[in-house]
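Dropping the structures in below, format is structure tokens.
Next come two complexes built around subunit A: one with subunit B, the other with subunit C.
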Partner chain A sequence: MIRLKNVVGTYTTVRGTVDALDDVTTDFQTGNIIGIAGESGCGKSTLLKLLYGNIEYPLAMSKGMIDYGMKGPDGRDITTENISEHWFKKISYIPQSSMSSLNPVVKIRKQFLDFQDFRSRKEIDETLEKVVAFLRELDLTPEVLDAYPHQLSGGMRQRVMVALGTFFQPDIILADEPTTALDVVVQKGILLLLAELQRRMKNTMFLVTHDMGVHYQLTHKMVIMYAAKIVETGDSEEIFSRPRHPYTKMLIESLPRIGDAKKLQGVEGKPPSLWDELRGCRFAPRCSRAKAECRERCPELAAVGNGHSVACLYPES
Partner chain B sequence: MPQTVISVKDLSKRYSLGSMFKRTKIDALGGIEFEVKSDEPTIVSLIGESGSGKTTLAKLMLRIVEPSGGSMEVAGKKILAGKKERIRDEDLKALIQPIFQNPFEAFNSLKSVDTYLRDTAVNIRKAEGKDAIEKAMREALMAVGLRYEDVAGKYPNQFSGGELQRISIARAIIARPKLIVADEPVSMVDASLRMNIVNLFKSIRDEYKTSFLYITHDLATAYYISDYIVILYRGRVVEAGDARVVLLRPLHPYTKLLLNSVPAVGQKWSSREKMSDIETKEYRLEGCKFCTRCPDRLPECERSQPPRVDLEDGRAIYCFRYRGDGKAK
Partner chain C sequence: MKNFLNYLWQRLLTFFVVLFIGISVLFLLPRLMPSDPIDNYLQRLQGSAGQALTGEQVAEIRKALGEMYGIQGSLIDQYFGYLKRVFVSHDFGPSLAAYPKPVSELINLALPWTFGLMLVSTITAWLLGNLVGLVAGFFHNRKFATVLETLGILIYPIPYYIFAFVLIIFFAFLIPAFPLTFVVMPGPVTFQKIVDIIYNSFLPALTLILVNFGWNVLGMKSLAYSTKEEGYVLYARLKGVKPRRIMYNYVARNAILPQITSLALSLGSIFGGALITEMLFSYPGIGMLMRSAISNGDYNLLYGTITITIVAVAISTLAIDLLYPLFDPRIRHR
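Let's turn to the complex of A and B:
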């Protein structure tokens, strides 16, 4: 179990500070693919950064704590402070843009060997052998090891990122919009590959994407975020078949489907600015079900049965 | 006799790649043709993945680049042809207007957004006098669900992506074009706002009698709004026809592959196919560009370009597998 307790992620800017993640408390069951959905500015990338322990100015975790429920090889608990020592081995990050994440002047081979200190030539060769075998499982030829990142196509580069992120079989994989820049055919291949790897390694994967279709295909659990808060969590099947938060419901209902001629409507209005002082439910100004109370009282994330939680004063039935 | 909405004949665009000593020529568009005829304004979707040539086609239409060959007509006017035959640049602006993908890049952050609306009203709509200009701006903003008072004098950073994209659409319709070219207009817009923008295209089509060329890789929104659909692969048309006919009963193996890859809610993906690697060499294939990835490949596919076959349901398909009655050979 990975537990977040009252976590606040704050950015410092010239205008002052702003909480991009505001008092989030939740538990994530390990061994699942956990989908995080929400719009730009909802705090989903900030949540990943905090989980990864990649906390640098202007971002800070100003309150709260994350309990990873894991110990390092030295027997100490893994915490936000020391998790960066376990990057790639215990926790890895697959970013959206592989072009800006791979070192452009270093061949892929070297990027696979950078994680470790080797004592002998033999160790290097053994590791490379494993790398080659692993690449083959990902439908990549060993020739990519001799290529520079720019010589590979976008889809191949992203598969190299997947290979780098999963080679050490980490307990936690964070994938931040891993296929957004790719074509649908390549996207399907890479996502199913990720799902296959997760099934085999039985680790916990956080998948951030704004594409609800992708969440439906891959995830076991869902987290829906809105304006720096978690508004709904639960089993993906349950969320898609019976969404309880009006925002989730509207998001799912606004998805076009091939073969369906029904007129669709998006959600009117826009998310609130996090700079403003926010009272009440943050979705209330756009919510068709909002009552006077919603504008006054901020709903807490509360269980509604079946492992399903929702932050709404008047959830959908 | 139905009017020509868009007609493209043998249109090609060749780019050179590589270094000075190792040049390769790539046909971003290798002689495509399709025609859409209708008495009603039509939303035409142009579907393709990266490298299919869909953005090249948009650039050619707006004369951002010059074609290597071929011709194109929009609303009965020649827009791409020999320099003497085609309409002047000025008339082209009144005929076709663009909407771009990234609303944050389309506007200069140092100019208030209504400058763009005003410039279009003055230079393209030829509105004269303060009242006429303001009226044109008010009308256009109303059509996209915004109020002139909320927009005038504001700068791009004061709007969300969805709002800016609405303003882009308002700017385009001030010119009263016959056709709006929209290149991935909603891919940068948040999911909750996306359908509202897409719905605008339908209402503008009906109210302003404007046709759209909707360029996208998103098959689901294309199904939702388009009347006609053209599917491109590596600079060639593979299948074109009525949107419902093509997307509900796809025939070309590439169209089927695309439809199978859509992450749809309510329909889980089955197994994954072995991943192939997209290479520039696909552009140089003699035969069908899709043949190296095609599960239904025939020997002739590798040797020559598949001919155009017109089927009874009105679609055109470029595949050796099909005869005129839509049955497989």
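Let's turn to the complex of A and C:
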């Protein structure tokens, strides 16, 4: 279990500070693919940065704590302070842009070896053997090791990124829009690969994407975010079949389905600016069901049964 | 391979066109100068003879000198004769001022001095400047990086001849640690001679190193700083790659590419010498030779010295174009 307790992620800007993640308390069950969805600026990336422990000015975790429930090889608990020592061994990251994430003037081989220091030629060869075996499992020919990034196709490069991120079999994988820049056929291949690897390694994978269809097909759990808050969490099946938060419902209704007769509904309006003083429910101005109370009282994330939680005063039934 | 041969062929063609244009412009330039080598010679002759020459005598001497120096006939004739000398016989004839010494002999004497001084100072400044610039750019938010960068900013705008003066005043005049003028005895190469050369060349070299150092620091600092913001550097950091390794394998490896081009260009200008530095330190290099050629209207010597510069620059740009794929795999010809 990965527990977030009252986590606040604050950015310092020239205009002052702004909380891009505002008092988030939630538990993530390990061994699942956890989808994170929401509009741009809702705090998805901030949540990933805090989880990864990549906290650098102007971002700071100004309140709260994250309990990873893991121990490092030295037996100490992994915390936000020391998690960077375990990057890619215990927690890894798959970026969205494979072209700009690989060193353009160095062969892929070297980029598989620069995680660690080697004491002998033999150690390097042993690691390389493991890399080759692992690449074969991922349907990649070992020849990619001798290629420069620009010699590979977009799909191959993203597979290399997946291979880099999963090589050490980390307990947690953060995938930040891993298929955004790819065409749908290649996208499908990468997503199936991720799902397959997760099933085999039984690790926890956080998947951020705007594509609700991907979430529906791949994830076990869903986290819906809106304006720096988590508004709904639960099993994906449950969330997609019985969304309780009006925002989630609108997101799902914007998904096209085969046989749709009526025109699709978009989500009207835009999220509130985090600079403004936010009172009451942050979704209330766009919510068709909002009552007077919604504009006064901020709803907390509360369990509604079946491991399903929602932050709404008047959830959908 | 076929692509490469195709590229090579085109690149060589450009090389020869550049040479041809450069050398043609070079032919015309000295002829636009107000001083004429024959007038200069006549003046010297009259001065030493102590008596005025008659108009007839002058005309006769003019004709004889013109034949001897190979500067008679129309401009077109001279031009073709000149092209033949440069491209076919590689001979620039005798020096007009130091007649009858051949130009090639004068150049052969001066070239090693200039080459040694410039090569050592250019490479030293490049290595030091890039190392300091890399560190300053990579640790841009640390205090010592600001100090290093300020050093570069303070040094680079100062013209190198000012540096030369300051160094001469302090280290040759006030504190006579180094000689005011360059004195190395001719003779066989001995250990003592090498020490002499280093001792005598130290100040001119230091002048050149300091200025190039400042440029390289600033160039590399901004390159390293912008490379540090690239996605692959961020990813390497998130991979847990050690900062030292990120600095060398990621930032330096990518930021050095434009600096390699700039090194090649400055290596090309090595043969041109450092005119003012050589004059100030009376260093016996190509720069000094060029200066005397200009003031004496010595066409042949000027052609010789400048042609060497043109050929050197053209060859070094050719070399960098052909060698660059070794450093940047993205432009390799397959």
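Following the convention adopted for this analysis, the second predicted complex is superposed on the first by the 316 of 317 C-alpha atoms of A that agree within 3 Å, B and C clash if a C-alpha of one lies under 4 Å from a C-alpha of the other, contacts with A are read in each partner's own complex, and residues count from 1 in each chain.
Rule of thumb we're sticking to: a contact is a pair of C-beta atoms (placed from the backbone, for glycine too) under 8 Å apart; a residue touches a chain by one contact, two chains touch by 3 or more.
Because the structure is a prediction, the values reported are computed rather than measured.
Visitor: Which holds for A:Q217: it touches subunit B only (first), subunit C only (second), both, or neither?
Guide: Touch status of A:Q217: first partner only.
Visitor: For the overlaid complexes, name the partner, subunit B or subunit C, with more touching residues on subunit A.
Guide: The partner with more contacted residues on subunit A is B.
Visitor: Output check: A:R297 vs subunit B and subunit C. Expected answer is one of first, second, both, neither. What do you get?
Guide: A:R297 sits against neither subunit B nor subunit C.
Visitor: Please work out whether A:R76 is in contact with subunit B alone, subunit C alone, both, or neither, and reply first, second, both or neither.
Guide: Touch status of A:R76: no partner.
Visitor: Determine, under the contact definition given at the top, whether A:R279 touches first (subunit B), second (subunit C), both, or neither.
Guide: After superposing on A, A:R279 lies clear of both subunit B and subunit C.
Visitor: Is A:E196 contacted by the first partner subunit B, the second partner subunit C, both or neither?
Guide: Only subunit B is touched by A:E196; subunit C is not.
Visitor: Is A:R159 touching the first partner subunit B, the second partner subunit C, both, or neither of them?
Guide: first
Visitor: Considering only touches as defined above, state whether A:K130 meets subunit B (first), subunit C (second), both or neither.
Guide: A:K130 sits against neither subunit B nor subunit C.
Visitor: Kindly list the residues of subunit A that each of subunit B and subunit C touches, one partner per complex.
Guide: Residues common to the subunit A contacts of subunit C and of subunit B do not exist here, since the sets are disjoint.
Visitor: Sort out for me which residues of subunit C touch subunit A in the complex.
Guide: Residues 230-232, 234-236, 238-242, 245, 249-250, 253-254, 257, 327-330.
Visitor: Given the complex with subunit B, which residues does subunit A contribute to the contact?
Guide: Residue positions touching the partner: 39-40, 139, 153-156, 159, 183-193, 196, 210-214, 216-217, 240, 247, 250-252, 254-259, 263-268, 270.
Visitor: What does subunit B use to touch subunit A in their complex?
Guide: 49-50, 160-163, 190-199, 217, 219-221, 223-224, 247-248, 257-266, 268-269, 271-275, 277-279
Visitor: Per the contact definition, I'd like the list of subunit A residues that touch subunit C in the complex.
Guide: 52, 54, 84-89, 93, 95, 97, 100-106, 110, 114-115, 117, 148, 150, 164
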